[in-house]
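A, B, C and D are the chain letters, set down in written order, and residue numbers restart from 1 in every chain.
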Amino acid sequence: MEREQLIEDLVAANHILAAQGVFDAYGHISARDPANKNRYWLSRSMAPGLVTADEVIEFDLDNNPIRRGENRLFFERVIHGEVYRARPDVMAVAHNHSPSLILFCNSETRLRPMVGNTAFLGEGAPVFDIRNVDDDGDLNICTVAQASAMARALGDASLVLLRGHGAVVVGETIRQCVRHAILAERNARQQIEAAILGPVKFLTASEIEYAKRNKPKDPERAWRLWKQQAMPPIN
Amino acid sequence: MEREQLIEDLVAANHILAAQGVFDAYGHISARDPANKNRYWLSRSMAPGLVTADEVIEFDLDNNPIRRGENRLFFERVIHGEVYRARPDVMAVAHNHSPSLILFCNSETRLRPMVGNTAFLGEGAPVFDIRNVDDDGDLNICTVAQASAMARALGDASLVLLRGHGAVVVGETIRQCVRHAILAERNARQQIEAAILGPVKFLTASEIEYAKRNKPKDPERAWRLWKQQAMPPIN
Amino acid sequence: MEREQLIEDLVAANHILAAQGVFDAYGHISARDPANKNRYWLSRSMAPGLVTADEVIEFDLDNNPIRRGENRLFFERVIHGEVYRARPDVMAVAHNHSPSLILFCNSETRLRPMVGNTAFLGEGAPVFDIRNVDDDGDLNICTVAQASAMARALGDASLVLLRGHGAVVVGETIRQCVRHAILAERNARQQIEAAILGPVKFLTASEIEYAKRNKPKDPERAWRLWKQQAMPPIN
Amino acid sequence: MEREQLIEDLVAANHILAAQGVFDAYGHISARDPANKNRYWLSRSMAPGLVTADEVIEFDLDNNPIRRGENRLFFERVIHGEVYRARPDVMAVAHNHSPSLILFCNSETRLRPMVGNTAFLGEGAPVFDIRNVDDDGDLNICTVAQASAMARALGDASLVLLRGHGAVVVGETIRQCVRHAILAERNARQQIEAAILGPVKFLTASEIEYAKRNKPKDPERAWRLWKQQAMPPIN
């Protein structure tokens, strides 16, 4: 029963992130199995906006599908296994290339919180450069060496930016991970535009610390609206 | 009868502000009761785009619902009571986090009027910093101390920006409040983009003064179009 | 019959400019009567996207309706009469407040042609400041003195920007006027963004001169697509 | 049979590029005939979003239609013939005026790759100035002299920018050409916004070289999603 709810949220998460422009044809989100911390659930390699429950597959932390014979797997699924290994607190992982985050992937300017609900960005999102692992190659994270280095760059943050590529976002639940991915993209857009006006005031250190100790107020309201917009009920 | 019209306008205001991108899952707008200046009407805590007349509740200026047993109340409703107390001329209050206003919440650059119909911004919208009230906490306005300080920062303006948070917008009517919220967001966007081109010419002091003495021409036309777009008539 | 075509184009122009975001609840476009150069056609005061042939009224160049008893007239219709007086070549006039043009209304930076099809902007669109006519007042053009000064600022250009207000755009036909209004808005947006990259190369003087002597190639294709998008045929 | 597939892809390419905002009323994409390298297929002169298989015509490399009596031909089709002559590897050519590319047409700042999947931009897209061919004229490419000079400026690149005009994009297949046109537009937008934040880190020389030797991973997923969005299946 709990698993059914997990798969339902994971399918909704795929549709929400596609509808909100965080995913396009690419991007993926997984959820750790609460009943078995060494397993996670992730869709087959496909456009996120088309995912159904039938397309969600169980993996171990070596990123092998539990059921034999599965095919059409994301080549970057090693991201998920390595983050779950490094971060016992993390229950959901998303990898995306949302348009405004890219700018901070390729800049010395740090992505920092503009408003209370992006306090999870802390004193600035870390940036991972894959060229610190390999001298040569493309920008995708496909090996354990690359993914574990990325997980180290993530540290205890909620989001790590990938130079020339995108981001990896985590959460304590699927819904929090979705929230982080959407709000990080919005914060990025607002921070860029604010930079046009001159120096930007970000959250203070004490405001960031306060947010670590206290949950945001009523985050479920946004999830419900996003879900309704992405998956409108059929009459 | 007048109350029926008030509730109808308040419901429309919620839908219009959601459709125009001023509200998303969050944000709220209230109206003071014209028959009892110590009462105001506000929806339950919910996504504004889903509000119906049945969800609108009466409050006193201590922000207590008149009818016993009401639940699902906005935790920031103290904003409304304190503004109505401080400003007898105000008949409607909106609290929002529209995307371009945020930039001016976190900048030394003042939000100033680009065009005649945003003359209500005056010589620059005031900015309220909640940290002037509490050394610690989140950015939400939940106490009388916070809300009354915010109302003092608002002064006799039509809009106050909240650092790291959003804005509070007021009007002499629901329709004027909606107009202020939408036009302030548009002005913010235009002022940012204009800053790219070099120094910006704002309305002159005499133009701002003139607008205080004279009503804008035909504001109802915009209200009607916004309402039709947000709540298209069903055939 | 020719008049029927004129009214049909004028109705389509209203819908196209609304659909393209050049008009919102406000803005108006008129056409001079080809059979009587001292008359023009303009809708009643209403949202442009709702205009039908029944709402289009005939005016003389003093901006009085030909038929007695007409009401709901645009208070800024003097713009049309004065431009037709000053510019015998002009057969259509639009007044709008499109969002990117505003930035150039309030800047020393001139709006200049980025691409071949905006060569009509010449060496830079003129800017009219209503405060050169009146020391005090709002920004609207409501008197003959204001409108004739605006027409002088327009000179022989295709567009004049109005400080703190919007623009007046003209054409030799309704379709050309619509084209000028849409392309000027797009050019404004592109010029702002290009300014971020550093110095911008505009059309050369000889390219601007060439465009004055030669018609653009196949402008009708855009009109047909815009019309189809704004007024999709009903099956 | 192979030709049927080619025409189907070419029709889809027209609809996709219109739906993605790369084409508007203008823009065209052709495909070289794989069975006869001296022939190519291109629609009649029309809005790309309206193209059907019946509107696709065969041309020789002198840009003459193979079937006698064809009319409504693009006046800039010489672009296609000259690129196919100069570049035996090219199997598809698109000409467009997408909004963010224009900024790089008119700037000394080079369009450079922000992310792995735009490595095809290399060390910076070349820019062609038609005034190097003619001292006078409009910006359109209508003569063999203009088109062959443009093809020389293209060199072995995937895209050449045209000052004051737009771009010519090529691919080894229709689908790759579509991909290049869409991703170049997105890269342009991101590069502009990144410039606001300060110096931008682009792909390294070795990353660009790697991308020349290796195909991108799973580009078909984007094609399928774009096609579904542009041409939704009818139930």
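Note that in this section contacts are C-beta pairs under 8 Å (C-beta built on N, C-alpha and C of every residue); 3 or more make two chains touch, one makes a residue touch a chain.
Bear in mind the structure is a predicted one, so any value in this text is a computation, not a measurement.
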### Message
Over half shared numbers or under half: where do the identical copies subunit A and subunit B land at their interface, same or different?
### Response
different
## Note on the structure
Expressed in whole Å, how far the mean CA point of subunit A lies from that of subunit B is 33
### Task
Could you grab the centroid distance between subunit A and subunit C? Build each centroid from C-alpha atoms only and quote it in angstrom.
47
#### Entry: Per-residue overlap in subunit B, given as positions that touch at least 2 other chains
193, 196
### Task
Considering only which chains touch which, label the overall pattern as line, ring, star, complete or other.
ring
#### Entry: Residues of subunit B touching subunit C in the complex
113-116, 119, 186, 189-190, 193-194, 196-204, 206-207, 210-211, 214, 216-218, 221-222, 224-226
### Query
Quick one: in the complex, what on subunit B touches subunit A?
24-26, 45-47, 49-50, 75, 97, 99-100, 102-104, 106-109, 131, 135-140, 163-166, 192-193, 195-196
